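You will see chain A twice below: alongside chain B first, and alongside chain C after that.
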Partner chain A sequence: MPKVDITIEVCGMSGDGTIAAGGLLNAAMSEAGFSVLAFDSYPAEIRGFGRCVTRSRIGNEEMLALAEKTHVLISLDDEQSRSRIPFLEKGAAVIFDNKPPSYVGEGHAIPAHVEPDINLFGIPFSDLAAEASGSTRGRNLTALGGFAVIFGLPPEIFRHVIQKKFAPKGEKVLQANLMSFDAGYNFAMTAFEDRLLKILTPPETEEKTEKLLLSGNVAIAQGALDANLKLYFGYPITPATPILEYLAKALPEKGGKVLQMEDEISSIGAVLGCYYAGQRAMTATSGPGFALMTELITHGIMAEIPAVIIDAQRGGPATGLPTKTEQSDLHAAVFGGPGDSPRIVIAPTNVTECYEYTVKSFQLAEKYQTPVIVLTDFFLDNRVENVPMPQASKEALKDGNIYPDPSAKGPYNRFELTESGISPRAVPGMEDFMFTTTGLEHSESGGPNYTPENHMQFSEKRHRKIQGALEDLSIPKEFSKGGSLDVGVISWGSTFGSALEAVQKEQEKGLKVGALKITSLFPFHDEIIRGFMERCGEVLIPELNFQGQLANLIGHLHRKDVVRINQATGKPIPASIILEKIEEVLKA
Partner chain B sequence: MSEEHFVVIGNGPAGNQAAQTLKEKAPEARVTLISKEREGYYKPCLLPEYMAGKISEDQIYLSTVDAYKEKGIKLRSGQEVVDVKPRRREIVLDHKEVLRFDGLILAVGGRPRIPEPLLVFRDLMMTLKTLEDAKTWIEKISRVDRVLIIGGDLTSLAVTKALIALGKEVYFMLDENAFWPLRCNDDMFQDVSDRLSKRGVKTFYNCKLNSMAQRSEHAVEVRVGDDIFEAGLIGAFFGLVPNVGFLARSGLPLDRGLLVNETLNTGFEGIYATGDCAQVFHPEIRDYWVSIGHDNAKALGRTAALNLLGERRPVDVATESLFDVQGIKVNTSWWMEF
Partner chain C sequence: MGKGYPTIAFYPEKCNGCNDCVEACAQIKTETSEPVHSRISVAKDPDDEFYGLSLCRQCGDPRCVMDCPARALTKNEDTGVVHWDETKCVNCQICTLACPYAGITYNRITDQVMKCDLCNGDPACVKACAPMALEYKIGAEIYNTWGDLEDLFVPGVGACLGCNSELIMRHTLRRIGPNTVVATPPGCIPGVGSVGVNGITSTKTPVFHPLLTNTASMLAGVKRYYNRIGRDVTMLALAGDGGAADVGFQSLSGAAERGEQMIFVCVDNEGYMNTGVQRSSTTPYGAWTTTTPVGEALQGKTRDAKPLPLLMVLHSCEYVATAALPFMEDFYMKLDKAIEASKRGMAFIHIFSPCPTGWRFDPSQLIEVARKGVETNMVPLWEYENDLGRINITHVVNEPLPVVTYLKSIGKYRHLSDEQLVYIQRKTDERFELLKKFTKESKLEGLSDAA
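So, the complex of A and B:
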């Protein structure tokens, strides 16, 4: 099968069924055996109107990032879709409703605005849906019917995903949707008989691995469930809310509990309390909520209590850009809060890692008795990828706590100074292991102690312990043939996919360019990073923030200034921008 | 939006020339050029050669879609006008969009003519008017050995040449209704028939088409006079007639084509018709004439644009160059040798 790499958008007003259509499209493409990377955007304000856009990149190779240009635009509302025209690739297909309920003036219809090379496919969505099912509601399905024919996808695949989605809503709803889909399919089959593009016909013989469509947020929630999370405490905030919603349904079914707290301070307080008592607990928030949590996070650091905190970053500071993406909480995650407060900060780069890193965060929190911050961002949380069902190994699910030896005699020093900095941790209820816990600086027994030597000693213990975690943290992964490189791109979080795509394009051209993925942000593997940098002529660090927060964190490891690509637009960084910068640096 | 909006319907030589002239002479005005075909401006005369594989698709184009942008003309391709409301100065597109205009030039050209007695066989016959038609021919032609051409207009001769070049066996049924846009008489028929025969084409002349029936996917059984044979494809070539059916309810004056005075005006202020779709009044003979041919269309397109911008240029056609075809006065710039 020839290489497929196309981006499909569905655009409409909220209420048009845009997101539903995009979801069905992704499910169908996944079922057809394609890789899918999809990202929806919707208005920031919670009200009944606004533009909704789903964007799906479909291909027969792994999709690392969103593409900049769109090849197919399914317009459920032409006025809204106008804003998407600048993103259309030359010769793109636009599928639109060519029989709106009433005549529209010039400028309101998408054909008025597109370039002449655009392939227009007018389908009377509303009329066909109304005729088929008695209501225009299914017009989004009619549009999908047209799409399926034009691009050569078997209708059974769509019917199957429609069945899956609507069967729970009853036979009537299901039939109405199936009929609306068929109406679009049959119409387009004859209307565009000689114009069918058929570039997505799935190969019949290829074996397909069972794949699941997962968003970053669902992967996190599922990871926590599989890791035997007991209690989830949270307060709704975009983009972390879907984790709360998913767990609210799923966790009680597994015997756990979800509590919506009055705010983020109480959420982190409850997580610490729960983990203090020995049960796995987690919270998820975004920048503004994370800011509220910082004081108690440092309490967890001082009192050496595990906690798992997901910080789903969005545009900031303050309330910022609630529905836009950004990687600007890195400084806050690594350094936020009073005092010298080392903690573990990790950041997945794709949906599968969202699952894996969440599972892992519990063991890390337990073993190193510290809050672990998992940094994601709006784009990673809400993007959908089809991935083989992630599964945590038994090893990964093990209790990470290091308990005191129950047969030990004598007084129990909860904060015993050890070589690793890890002091075996008793949980309440363990007989003969009573201890004092406090946010004050303390001695080995846990009692307050402010002497200069003690504070120095314990500050060092806490740092030693966290640095020791490096042996359990994923090491930076290099994507190159090794040896000296003209340009090395170091990246983290959701931006990494774009960085790798750009680097791979340069590598295909035979250029000496490599990528380094960093997922452990604190502590980080400075020797490995430095080793990579030493082999690079120039080091580029693209990230979604204005200051270059990762560059600030690791830039000093390079012998000269790193080249920063800082994008604070609220939008994922496209591979092309990184590619351009690589070329610019190579030319210089 | 206060600037003037000129709309041209049709991206053939007439419409294309009209739009370019409008933009050239009135650069401040907004010019929209609408065409139901999705391709840019191409030369229909080259379609037979394209069919024969002698030239590539790129060589047919006179102007790519990008060129319009550079010139400041908004090209809307693949969009069909379904109605014109001259009094309200609006046009309606197939997708129900309504466009207002200050000036309008209709240059919608012609469509293949099929004489009444043959209409029953329409689905069995192919025509050649657009690039898309040519692509359909190319797709089908590779699967057949024999092609029957019915009619006898200039396109049919060009297509026959192309088919011979492709190594196809050609049967040709000369039809007395066919020689549009040429005057036809017995001598001429005989001459064409002889020339075709010399090139190995089996011709039928003065014979009656009795029936056609699809026998298999690639074979139609044809009965002409006493002959029965199978043809893989059948092409009908009876010239073009103005393509004005969609204007039936518009209130614009229609006969065979869009009736216009010698300045190409339809009788409605600011609304002109030009090229193959127009039927132009000739004050001297006090009758209307139609134009056929690429060069004519271009010249008429320019005249319509200049007149829309305020000139009152009559189209100058010498009476000697008008000839009669089935009661219609024709002026053609088309010539070819076979």
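So, the complex of A and C:
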């Protein structure tokens, strides 16, 4: 079957049901068997200012990143959608309301503003919805009805997802939405009879693996649930709040508890307390909250207490851009806080990894007795991918704690100096294993000790221990045929998908280009990274921050300056920008 | 300066439909007891809970005057009475259609229209009303006093429909005036645009958008410097309950204890509404939020709200008050005192701020919900002046409504069981009793007893 790779946008004013329509569209496309990667953008302000846009990339191969150009624009408010016109692909389809509601300013009707090659489909959403259901509220569904016909999708798929979404809200709401959908479907069927595009006929695959639409945040929450998390402590902050809200519902049903704390300092404090006592605990926050946590994170490092912290990055510094994406907490995550304080920092690059890395973070925290920071970002947290339901292996769910030998004789040294730096950890209440835990520098017994030798020795112990974690951390993954490369692209987090897409396009052209995915950010596998760099003519590091924080962290491993692609726009980096840079470097 | 006029106010919940007012009106106007001659009437549909009133409100901008083709109706700019001139009337009765209050009606006996003239300032109906459902009062006193002050927020901020925070912002700042630095930490007040959007600020004073942790300490820094250079500027914080009672509490408590000179207004909408309705420490017991969900394991919040205004009293603030916007005169009075007190130290005003979006009620019911909060004694209105050393209840509710009348008007309490309702009533009563203990002029009694 022909390769499908199209991007569909729904655009409207907040209150138009834009996000809801985008969600239904994603669900329907997933059910039809396509791969989906979708991301919504909306304003931080409460309402009235807000343009909402959902972007869904649909295809029959795995989608790695968002595309830059749009093939289908469903406009619920032409005044807002006009700003999307520059992003339309040549010959794109625009489905719009040709009898728009009165609040859409005059002169904005989209046909007057687009290039002549644009394929226009005018449907009176509001009128049709009102006629069918008695209210214009379902006009977003009417638009979807039109979309389904024009692109040749069976209506049953949409009806099924509408059923799933609205059945809990009662029969009346469900029927109103179904009728609004049908009105658009029937209208478009006759109105555009002779020019239906029908390019999205669902792939007829032999065997469909059951796929779920998951956001990064839900994958994290689900990973924590599957890892047998018992206590979650958190404080609302965009974009991490959905984890708190999801667990507030799901965790009590599994016998756990969610506690909303008065701030992030208390959240991390309670996580450390809980883990000190021997129970899995976690918190999630964003940059501003993470900043408040840093002192206690270093307490966890000094006192060797496990903790799991999700830092869902957003634009910064300070309050910054609360609803925009950025990868600018890397330095804070790796270095933040007083003293020499090594900790583990890992970063998933897609929704499935969000799940896997959350599961894994508990074991890492337990084995290495240290706070583990999982770095995600707005684009990863709120993107939706359809993925096979992730499942943690039994091995991955095991208790990572290393306990002292119960038959051991003599006094227990909680912070015993060992080769690996890992001292078997008792929890309070274990008979014969009394110990002191403190944020002061201490000796093997846990008692305060400020002698020069001791501080040197224990600083070294903590670093040795964390460096040792490399054996359990995912190694950088290379995407190339090996051998020498003209250009190597190294990337992390949500940006990696774009990097890989750009690299794959170059590889298809036969160019010697490769990609390296780094998910272990501290400690990192310097030998492997250096090995990759040595085979590269030039090394490109694209990331969503102004300074190039990953480049700062690993750039010194290269024999010459790495090429930084730093984007601080609050938006995900498109593959095309990376592609352009690769071409530029190749030409030079 | 605007002008306030007399009117007759009506309290439907007090009216028993006895019609004594109707009789009194007919009597004084025509010396008969025929109801047909009365300028006032009360009526009730069988489905309605309360009586409704038909009576001229002596509007400031009367439709009847506007619509009268013969200029037989005029507004007396001195007395405020809408006057009907019999000699000019052409009896077209358009005025009876124009008036939304049925305040001017057609009398079939006299074949003319008739309306209330307020009996020269001594209305017979008010005197006749035994349950005191009618009250003769001068309207818009606040408007008289403060009507010319500038609204320091631009029109058209992006609040949700029926937002109480917008009212608070506008009234607070227009009273406190432009010589002010406004600090407002992340939350709904910046979220609706007070800090600005797309590069444009909607506040006409300097705005300081600090972090949630430190509103009070940052303002303290500003004020300390201004004091050093002898500049007199008011410090105003407009913070939500998160920025005051949760993450902001440490800096607020510290500033209050040090006696920092500022007006700190806590806009208490009982949760984190800006991030999508999570609980805060001022979320009341039983309330639904996304982090205190309702299901099998839980039925809303399991703990009581933190009594922040009382805690601030115990900080020996110069002035502490609670306020709710249905009682606007009470609120303005408290702002006046807060302005004075902030010259000596911390003035703290805790404003009850129902949120239609987050609490799930119809935006048109905002004022009604807030009123019921006060009249159930769930949100008593009081003030504390440091030099008096006691709490003064500024709006005494003689017969508090049962809490269920308030709770049942709000979606976030829809699930409450009978046991939960009993608990909330008991807690409300207990907290009010505790409050009353602070109202006694007894602060020295204990000491003198001991001596």
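The working rule: the second predicted complex is superposed on the first by the 576 of 588 C-alpha atoms of A that agree within 3 Å, B and C clash if a C-alpha of one lies under 4 Å from a C-alpha of the other, contacts with A are read in each partner's own complex, and residues count from 1 in each chain.
One rule holds in what follows: contacts are C-beta pairs under 8 Å (C-beta built on N, C-alpha and C of every residue); 3 or more make two chains touch, one makes a residue touch a chain.
A quick note: this is a predicted structure, and the numbers were derived from the prediction, not measured.
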| item | value |
| --- | --- |
| Which of chain B and chain C A:194 touches, first, second, both or neither | first |
| Contacts of A:260 with chain B and chain C, given as first, second, both or neither | second |
| Of chain B and chain C, the chain that contacts the larger number of chain A residues | C |
| Touched partner set for A:432, first chain B, second chain C, both or neither | neither |
| First, second, both or neither for A:584, with chain B first and chain C second | neither |
| First (chain B), second (chain C), both or neither touched by A:237 | second |
| Touched partner set for A:416, first chain B, second chain C, both or neither | neither |
| Chain B versus chain C as contact partner of A:96, first or second or both or neither | first |
| Touching partner for A:104 - first (chain B), second (chain C), both, neither | first |
| Overlapping contact positions on chain A, where the chain C interface meets the chain B interface | none |
| Chain B partner contacts - residues on chain A that touch it in the complex | 96, 98-100, 102-106, 108-109, 111-112, 115-120, 122, 194 |
| Complex contacts: residues of chain C adjacent to chain A | 156-160, 186, 188, 191-193, 197-198, 209, 211-213, 242, 245-247, 249, 272, 274-276, 278-279, 281, 290-293, 295-298 |
| Partner chain A, residues of chain B touching it in the complex | 38, 40, 65-66, 68-69, 75-79, 92-100, 132, 136 |
| Chain C contact footprint on chain A (complex, rising order) | 43-49, 235-238, 241, 244-245, 248-249, 252-253, 258, 260, 262-264, 288, 292, 318-319, 322 |
